[in-house]
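Same chain, two partners: chain A is paired with chain B first, then with chain C.
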Partner chain A sequence: MSLKSKSSINSRKGTDKLVYFLVWLFSFFAMIPLFLILWDVVSKGYKNFNINLFTKVTPSSMDALIANMNGDPIPGGVLNGITGSILIVGLAILISVPLGLFIGIYLSDNRDKKFAGFISYLTDLLQGMPSIVIGIIAYAWVVKPLGSYSAIGGSVALTMMMLPMIVRSTEETMKMLPPSFKESGLALGSSYTSVVFNILLPSGFGGIFTGILLAISRVLGETAPLMLTALGASVVNWNITEPTSALPLLIWDFYNDPNLVELVWSTSLLLLIVIFCLNWIAKIVSRKWKI
Partner chain B sequence: MKEQLGEMRDKIFRFLLFFAAVIILLLTAGIIYALVSRSTEAFQEYGVWGFISNPEWDPRPATEEYGALSFIVGTLYTAFFALFLCVPFSLSVALFNGEYFKGKKISSFVRSIVDLLAGIPSIVYGLWGFYAVRPLVIDLGINAQGFGIFLSSIVLAIMIIPYASSLSTEFISMVPNKLKEGAYSLGATQFEVIQNISIPTARSGIVASYILALGRALGETMAVTMLIGNTDRVPKGLRDTGNTMASVIANQFGEADGIKLSSLIAIGLLLFIITALINMVAKLVMKKLASV
Partner chain C sequence: MENIENTKELKPVLQLKNVSVSYNPGTFAVKKVSTDIYPNTITAIMGPSGCGKSTLLRAINRMHDLYSNIKTTGEIILKGKDILTMDSMEVRRLAGMVFQQPNPFPTMSIYENVLAGYKLNGIRLSKKEKDEIVEQSLKSVALWDEVKDVMSKRGSFLSGGQQQRLCIARALALKPEVLLMDEPTSALDPISTNKIEELLLELKQNFTIIVVTHNMSQAARVSDNSMFMYLGELIEHGNTTQMFTKPKNKRTEEYLTGVFG
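For the complex of A and B:
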C-alpha cells in the first residue's frame, strides 16, 4: 500500500516535470520563427540597402535584367513606394484619428445607452473584417465611381482598418481615467468641451497616442486592400486621384518579377524597420505616460 | 452671455460626438449595401445555395460558370489545420506567461517576442514561407512544388500564435490565487493545479481566444495567396494545392469584370458573414465567462 502510494507520488511529480519541460520547449519554439524571419530579411536585404533605395524610383524590368546580366547592382530603389506609403497612410491618419477620438469619447461617456452598445458592437464587427473584404468595399465606394485606381481609394481602405483600433484604444483609455477628473472639472464650472480638451484628452494622451501608433504600424504592411485600390505606380505620385505605389505593393511586384527579386528583401527590411520602430516608440510612450 | 456661449458650444460638441458615432453605423450599412448590391448578379444567376455548393470555377468564355465551394473548403481546411498546429505553442506561451512565470522578467521578454510576430506584415510571412519553409516541405516529400494547404497552414499557424496566446494569457493570469492556493495546500502539483483549476476556470476565455485566432486565419490573404498554389478546385487533402476565399479574390480581382467580378464579390460577402459569425460566437463565449 505504502509502496504503491510512493510510486504514485513519483509519477505525479514526473508528469509535473514533463509538462513544465514541454511548456518551456513549445514556448521556445514559438519564438524561433521571429528570429528566423529577421535573419532571412536582414542577411538577404542588407546588400541592396543603400542610398539608392531611398532616392531612386523602381527600375523597369528591362533595366534590371540588363544590370543583372552585367552583374551590376539593380539601378533603382523604392522612392515611389516610400512617398506612396506616406501619402496613403497619411491621408488615412488625417481621417481616422479625429473621427476615432470622437467616437471613442462618445462610447466611454454613454456606456449605459443602448445606442452606444450597438455602435460598440459594430466597431468590433469592423475590427474583425478581413482586409481583402475591406479592399472590395473601397473598390466599390471609391475606385468604381472615380473610374480609376487611386491613392484616396487606398486611404479609405486603410481608414476602415485604423478606425476601429483607434476607437477601442481611446475608449479603453478614457474608461481608465478616474471619474473625479471629469467631475471636478465640471464642478469648477468648466464646460464639457473644455473638460474633454483640457483634462480628459491630455491625461489620456499616453494610451491614445499608443493606440494611434499601433494602428499605423498595423496598416503600413497591408497589401491586399491596396492591390484592389491604389494598384501601384512606377513614378513618385502626390496626386490622390492617381494610382500610387506603396512599400508592401512593391514587395508584391518584386516577388512576381524575377528581374527585380533582388530588391524584395531590402524593401522588406525597410518596412520591418519602420514597423518595429513604431512599435518600440508606442511601448516607450505607453510606459512614460502611464495613467 | 459667456455662459450661454459655452452651453451652445457644448451642445454642438456633444452633437459632433454623437454624429461621429453615427458614422460607424453608416459605414456598416454602406459595407453591407456595397457587398450585397454588387453580388446580386452572381446570386441571381446561380442562386444562393447553387453558388455556395458548386465546386466549378471556370472562367473560359464558352463554358463560363462560377461556384464558391472549392474556396470555402480550401479556407476551412487551411484555417482549421493552422489552428490545430498552433494550439500546443500558443497554449504553452499562455501558461508560460500567465502561470509559470507570471509577472517575472522572462515572461515579459517572451511576451514582447511573440508580440513582434504579430507586427510582421502578411506579405513578409509569405516571402519567408516561399523562400525558407517551402524547401523544407519539398524535402519532407509532401509534394513536388511545396505549395499547398500544408505549407499555407504552417505559416498561418505561426501568424496566429500571438493572437491565440495573448488573450489566453490574460484569462489564465486572472484566475484567483485563492483557488490555486487551496489546491496547493491539498498537495496538488503545479500541473495538477493547471489541469484542475487554472484551465477549467479560464476555459471560456481560452476558447474565445482560439475562436478569434480562427477568425484571423480565415481572412488572412497575402501569405496564403503566395503559398497555397492557387488552383481553382476542391483540395483533395493536406498535400494538395488549392485556393482560399481571400486568396482567390486577391489573385483574380484585378482582371475580372461582369459575372466573374460579381462572383468574386459574392465570395467576399460570404467571407464577411463567416468572420462576423465567428467573432459573434467568441463574444458570446466571453460574455458567458463574465457572468459566471
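For the complex of A and C:
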C-alpha cells in the first residue's frame, strides 16, 4: 500500500515537472517572434531616427530620390504625422473619455436593468467591430456631410474604437470598489453626483486611467479607419476640418513609395516607443493607485 | 416594553410605527416593528442571522432607497417628523451611519475624511471651522492624540480599529441626531473592539446610538436597552439587564441561552 502510493506520488511529481517545462518552453517560443520584431525595427529604424524625424515634414518623393542617389540621409521627417496623431487622438480622447466614464458608471450601477444589459451588449458588439467597418461608418457620418476628409472624421472613428475599452475598464473598476464606499458617502447625506465625483471616480482612478491609456495606445496604431477619414497630408495641419496625417498613415505612405521606404522603419520605431511608454506608464499608474 | 431605560425621562427621539420592509412584494424582512428609542441611550439590536436587524437599521437612514426593489412602509418619526416623507439626503444627515467594514475614503487624508460629509454636501467652511470640527470630532472618538501629527496621511494608513474610529468621527462631524451602527466591531480585533465599546459609552452623553450586533456579550456590556428580533419581528424590547436576566419571551430566552442563533 505505502509503496504503491509512493510510486504514484513520484509519477505525479514527474508529470508536474513535465507540464512546467512545457509551459516554460512554449512561453519561450512565443517570446522569440516578439524579440525578432523589436530587433528588426530597431536595427533598421535607428539610421533615420534623428532630429529631422521630429522637426521636418514628409519629404517629397523627388527630394528623397536625389538624397538616396547621393547617399545622403532622407531630408525630412514625420512632424506632420506626429502633430496629426496628437490632433486626431487628442480629439478622440476629448470625446470618448467623458462618454466612456458616464456609460461605465451607469453600467456598473444598474447591472440588473434591461437597458443597461442592452447597452452592455452593444458595447461588446462595438468592441468586436472590424476597424475598416468603423472607418466606413465615420466616412458616411462625418466625411460625406462635411464634404472633405478631415481630422474630426478620424477622431470620430477612433472614438468608436476607444469607447468600448474605456466603458469596460470604468465598469470593471467601479465594480471592484467596495459597495460601502458609495453607501457611506450617501449615508453622509450627499447626492449621488457628489459621491461619483468625490469618492468613486478618485478611488477608481488607477484602473480607469490605465484603461484610458491602453485604449490610446491601441488606437495610436490604427490605420484603416484613418485612410477613409483623415486621409493624410504632407503638411502640418491643426485645422480639424482639413485632411490630416498620422503616424500609421505615414508608414503606409512610405511603404508605397520606393524612395521613402527607408522611413517605414524609423516611423515604426517611433510609434513602438510611444506605445511602449504608454503601456509602461499604465503599469506604473495601476500599481501605484491600486484599490 | 414598559421597562425601556429612559435615562432622562424625555420624549422618545425616534419612534418606529408599524415599520415593514420588503425585498420582494409579499415577503417581509421586517414585519410591523413598533417601538420608541429614547435620547442619550444605546440600543442594541440582536437576533440570529437574517432576522432583519440590519434591514431595520438601514430603514432608519433611508439606505433602502438605493435599491428600487426594497419597499419600506410605516412611520419612522425622528424628532417629530416622519423621515419616510422627508428628503432622503436630509434624513441621512440627521441619522449618521457606521458600517461593518471600516471604510475611510481611500483618496482622502485623515483630515479630509473627517470633513468628507461637508465636502460631499458642498458646504464651504473656513480653515478655522474645519480645524475645529476635525479636532473636536477626532477627540470625541479618542483618536486625536494618535493622529494629530499624521493628519495628511491617507485614512488607509491607520490600523483597522483606528480606521473604524475615523469613520465614527466622520459620521459625528455632521452632528447627527442618532448614530446607527451596523456591527461596527465585527471586523475588528478584541482590543480595538474594547476601545470602540468604551467610546460608545462616552458618546451616549451627546448622541443616541443604535447598534446592530451579533455579539450578545457586547450588547450586555454597552447597551441600555436591547431589541431582540426574530424572523423580521420585534420579539422583545426592554432594559438590557432585565432582558438578559429575566427575558419575558421564551424565544428571547432560548436565543440568549444559546438554544438557537
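Brief remarks on what is shown
Everything below uses one rule, namely that the second predicted complex is superposed on the first by the 267 of 291 C-alpha atoms of A that agree within 3 Å, B and C clash if a C-alpha of one lies under 4 Å from a C-alpha of the other, contacts with A are read in each partner's own complex, and residues count from 1 in each chain.
Here is the rule we use: contacts are C-beta pairs under 8 Å (C-beta built on N, C-alpha and C of every residue); 3 or more make two chains touch, one makes a residue touch a chain.
Nothing here was measured: the structure is a model prediction, and the numbers come from that model.
Following the overlay on chain A, a side-by-side fit with no clash is recorded for the pair chain B and chain C. Touch criterion not met for A:91: it reaches neither chain B nor chain C.
A count of residues in chain A touched by chain B and by chain C gives the higher number to B. Chain B and chain C, viewed from the C-alpha centre of chain A in the overlaid structures, lie at an angle of 100 degrees when rounded to the nearest 10. In the superposition on chain A, A:191 contacts both chain B and chain C.
In the superposition on chain A, A:122 makes contact with chain B only, not with chain C. Look at A:202: by the touch rule set out above, it reaches chain C but stays clear of chain B.
Residue contacts after overlaying the shared chain place A:183 against chain C, while chain B stays out of touching range. For the overlaid pair of complexes, the smallest distance between C-alpha atoms of chain B and those of chain C rounds to 7 Å. Taken together, the two structures place residues 191 of chain A in contact with chain B in one case and with chain C in the other.
Residue ranges of chain A in contact with chain B, taken from their complex: 12-13, 15-16, 19-20, 22-27, 29-31, 33-34, 36-37, 40-41, 99, 102-103, 105-107, 109, 115-116, 118-119, 122-126, 128-133, 135-137, 139-141, 160, 163, 167, 191-193, 196, 217-218, 220-224, 227-228, 248, 251-252, 255, 264-265, 268, 271-272, 275-276, 279, 283.
Against chain A, in their complex, chain B makes its touches with residues 6-7, 9-10, 13-14, 16-18, 20-21, 23-25, 27-28, 30-31, 34-35, 38, 88-93, 95-96, 100, 110, 112-117, 119-128, 130-132, 158, 161, 165, 189-192, 194, 212, 215, 218-222, 225-226, 246, 249-250, 253-254, 264-265, 268, 271-272, 275-276, 278-279, 283. Of all residues in chain A, those touching chain C in their complex are 178, 180-191, 194-195, 198-199, 202-203, 205, 291.
Interface of chain C with chain A (complex): residues 61, 63, 66, 89-93, 96-97, 99-101, 103, 105-107, 116-117, 119-122, 167, 170-171, 174.
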